[in-house]
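Here is the structure we will look at.
Here the chain labels run A, B, C and D in written order, and each chain numbers its own residues starting at 1.
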Amino acid sequence: MRKCSLEKINEIFAAIAKNAALYLPVDRTDGSAAYKKWEEGTVWSNALNTVRSPKDFFFPQTEDLMRFKTKGKTVQLEDIRTEAEAFVVFGVRACDVKSFDILDRVFLTEPADSFYANRRNHGVIVSLACTRPVETCFCKTFGIDPSAPAGDISAWKTESDIFFEANTEKGKALLHTLSELTEECDDGAVAEQKAKINAVMEKLPLKDLSTKGFGGGKTAELFDAPEWDELSSACLGCGTCTFVCPTCQCYDIKDFNTGNGVIRFRCWDSCMYSDFTKMAHGNNRLTQKERFRQRFMHKLVYYPENNDGLFSCVGCGRCLAKCPISMNIVKVMKKIGGNKGE
Amino acid sequence: MQKITREQLIAKASELLSNGTVSQVLGWGKGEFDYDVTPTLFSSAEELENGFVFNDFCGANFSKYLVSKAAKADGKLLVFLKPCDTYSFNQLLTEHRFDREKVYAVGIPCEGMADISKVKAISGDGIASINADGDNLVVTTLYEDAPITIATKDVLAERCINCKSKKHVAYDELMGEEGEVLASNRFDEVARLEAMTADERFAFWQNELSRCIRCNACRDACPACTCEKCVFDNPNSGVENKSPANEFEEKLFHIIRAYHVAGRCTDCGECSRVCPQNIPLHLLNRKFIKDINEFYGEYQAGEEVDSRAPLVNYTTEDLEPGEVFDRGDNNA
Amino acid sequence: MQVNEYKPLIVAFCCNWCSYAGADLAGNNRLAYPADVKIIRVPCSCRVNPTFILRAFQRGADGVIICGCHPGDCHYTSGNYYTRRRMAALFSMLDFLGIEKERTRLEWVSAAEGAKFAATMNDFVQTVASLGENKRLEDLRCKK
Amino acid sequence: MNNVNDTLIPKIGVITDVRIDTPDIKTFRVVTLDGKKAFDHMPGQCAMLSVPGVGEAMFSITSSPTNEEFMEFSIKKCGCVTDWLHQAEVGQQITIRGPYGKPFPVDDVFAGKDLLFIAGGVGLAPLRSVINYCRHYRDRYGKIDIVYGSRSKDDLLDYQEIINEWATDEGVDVHLTIDNPQEGWDGHVGFVPNFVKELGFDTDKVAVLCGPPIMIKFTLDGLCGLGFDKTNVYTTLELRMKCGVGKCGRCNVGAKYVCKDGPVFRCDELDELPDEY
């Protein structure tokens, strides 16, 4: 384990930014935080988390896939893929780090998505242990320890210092470039920090939320639960929950005619949208209830069924904070499944 | 603290349910925390007792729900309307978006609703509880030992600071006392932007709109956005898009959305309330309202049922678009 | 060597009954106006949906002008009165967003006003040319 | 980077033949720019065709894998991509990627069995591939029955092929029906589900169903009534798809992705899926 005084944090950032684009959470004018590219003078945010999850780094909201030129009856295809630039995402919380595992299982399963893989191969994740979890946090429900985040390098911040521990070859290589700015240390301070965080975790209102009653094989039991009507009743059908979610990965592929060619791009899509499953001759999910149910069944039943029981939720709490009508996965889990009546 | 209490509202709703006036109640449902409230349908006194809340975080405007919920309800639907909600209610009636006969509207007074992000900015994150105590909110958090007392007026939502009216323009029954139309300062921020140079304004909006994630929450929450199929969802419209692919698409969406509700927007402020990225979308709507007021005379959408919106109306003496700017220059 | 002079691309929406005929007359009378003005004929000036204007900018226009019958002369009685209100609100909004107000214009041109049409276009092209390229409502995807 | 294959990046294909089958169905023959088949496939699999600027859509490959020269797609006009394709001419270039989905189990489950194919309307398109595959490897399979119905004689897909090739094959029985009586039609008149019941097949066959949802529902009921076991009945599903490889999430029903785990499903597998297809 290596440590560095927080006073020297900008030197650390400068050293990282010398070799790779560095992204870290920065406070914005509206009071929330977002990942921004670091440059001299950028101030690292103290916010617990960003409004948008860092899934953008690997699966951006819009991404051009290829271009076409058409002339008469001919079509020419231009492969516009290029090697991604090396980049470092700094300060990713434990929940968001876990979301990359969940996305990996979708995008890196054969046939692997080369666009995602390209970014994934060139990105280094420096995670950061939480210091101040809030009432909307429930990562523990999904077995995530906010005091011991994964990632290529794990980091802990105390009042005075920042501690780093490399977990992967990529992480070791990056930490090596910081060896002049950091010094070897024991994990005493980190252990103390972990204990502090875990004490706070015990006070969180959602600490007892359980995944009991969910998981693969529960389709028949949960699909026709009468509670879906009530739960989805107020849903506006917007895409807020989907777009702030670190694990939602549905996308649409569209063509944009620029007037001198066609760009085929993909963009995030939401199963909450009424046209998500709409075909030329019909729609298999006509009501908002069906669409609402799809989102939660996917996270809590279908995904775990296909992925060894891993749930497609990391308990980051973004949807709790952002849903315009305050309907969210926690309320769903408390109404149906094993938390009923608790 | 709100002048009307949860108990009074439950009593009223239970009474109307039991005497058969209404079959369902559209009200605020209890959330996980003291501040997250979900619009909920209640159909019995027992359900109300267990799940109904009314506090300083009941900002949601129920008018739009009437479009879908009133049509489905068996009997009449009871809806609680704050003064600002009644304007949307009337506007939707003007546009024939729901059946008035299926709705029983109860006007309730409102002292302004709080914005949880403002509360958190003062108390810090990790809210454990929030309780109203007179003109204050008493907040306990996971991190502070002592409760924190915050004056409610310091954490009012932007739209409530600039409340345009405490008067109900529609109801079947009114609870509490009727208020007045207020002389609000709601156009001050628009005027401040107007006074900037074009470059400054451009930079301002570039910063704000660049945060848009095109979640459509503003559109889907807006009581004026009730098109069956939005142009932005229609592949044949030529402007369909699903993502803010670039700065142009961001602007296109927000200009057209604001434009489409211009003259019909009652300035209820839901768009800004629901925006996950805190974009001050209400300023676009207020700009249209301010312009319309100045160009064509004062007009408040939803004030009267069946009034004709200014952009679907004209006089032969209207000013020319070019004169708009000449006028502006004279003012400056 | 000759320096390439910047020539703005202008989209002119012209109503079928007056302004388009006015443009025709300008042509018949050999009144010159820049070839970079692309005329789109519309049944009435009030057919112009705000998305048309924004899309014109997206696709590379540097200025958009809408021409209709003089107030009171609308072929459909009142179409241009609606246009007047709509464009007043829209242009004001574009200005509010910091988009140069000189890039949009509404003019009344009758079928007999060939000279006015040409003069209006010349003036508008000159105004837009002085602003330079449209940067604030551009879509870079369409610029290649 | 550009040497990495990505399934989303298609090949350019050329339409080399357009056959008008019915008033709203055309069959397109597609090869790559160098005149070859774009890729190998198995019966029941699909391909993504696209017209740049218009859109991309999934179609079942109707030609048999044993055809090594080209692929065929029978496409009904019903949306923007199909509208566009219907006005395309020979020589038009499009894009093609695939193959997608799980094929019919022609080499294991079907082997040695009597086969019963039941199709309605454009539902014959996905079955044509498997029928021709089985006809090609005739000795691997038992008797083949084909029941095919459509609204009218003019709406029967591949009519010439059925009459001239399928019906003349040994061990292949073709039973055609149309919904309403029509001049010049002396065959059976009536809906497919009833026709199947009238014909009354032995239940030791493997049945393959494809057609409009309502036809599938009633035919399946009919087959079960005749004593068929659902584990011996196969059908194909169709949902909106974008990626073709189970990533974009669109065709997700229950824990299955129609593009990846389907489109061919055994009817007992369908019973386990939520009713959302």
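One rule holds for everything that comes next: a contact is a pair of C-beta atoms (placed from the backbone, for glycine too) under 8 Å apart; a residue touches a chain by one contact, two chains touch by 3 or more.
On a predicted model such as this, the values are computed, not experimentally measured, just so you know.
Common neighbours of chain A and chain C, by the contact definition above: B. The most central chain, judged by C-alpha centres against the centre of all protein C-alpha atoms, is A.
If you average the CA atoms of chain A and of chain B, the two centres end up 30 Å from each other. Once the centre of each chain is set as its mean CA position, chain B and chain C turn out to be 37 Å apart. Centre-to-centre separation of chain B and chain D, using mean CA positions: 51 Å. The geometric centre of chain A is 39 Å away from that of chain D, both derived from CA atoms.
Contact with two or more other chains is made by residues 80 of chain D.
Looking at chain C, residues 141 sit in touch with two or more other chains.
Shared contact sites, meaning residues of chain A that touch two or more other chains, fall at 252, 254, 256, 269.
Put simply, chain C touches chain B in their complex at residues 50-51, 54-55, 57-58, 71-72, 78, 81-82, 84-101, 104-106, 136-141. Those residues of chain B that touch chain A in the shared complex are 29, 31-33, 36-41, 60, 65, 117, 121, 125-128, 142-143, 207-208, 211, 213-217, 219-221, 233, 242-245, 273-274, 276-279. On chain C, the positions that touch chain A within their shared complex are 59-60, 141-142, 144.
Against chain D, the residues of chain A that register as touching in their complex are 65-66, 68, 70, 73-77, 79, 81-83, 106-107, 109, 111, 113-115, 118, 216, 219-220, 223, 249-255, 257, 262, 264, 266, 269, 271, 276-281, 284-285, 290, 294, 297-298, 301-302, 305-306. Interface of chain A with chain B (complex): residues 28-32, 34, 48, 51-52, 61-62, 132-135, 200, 203-206, 230, 233-234, 236-240, 242-244, 252, 254, 256, 265, 267-270, 273-275, 320, 322, 324-327, 330-331.
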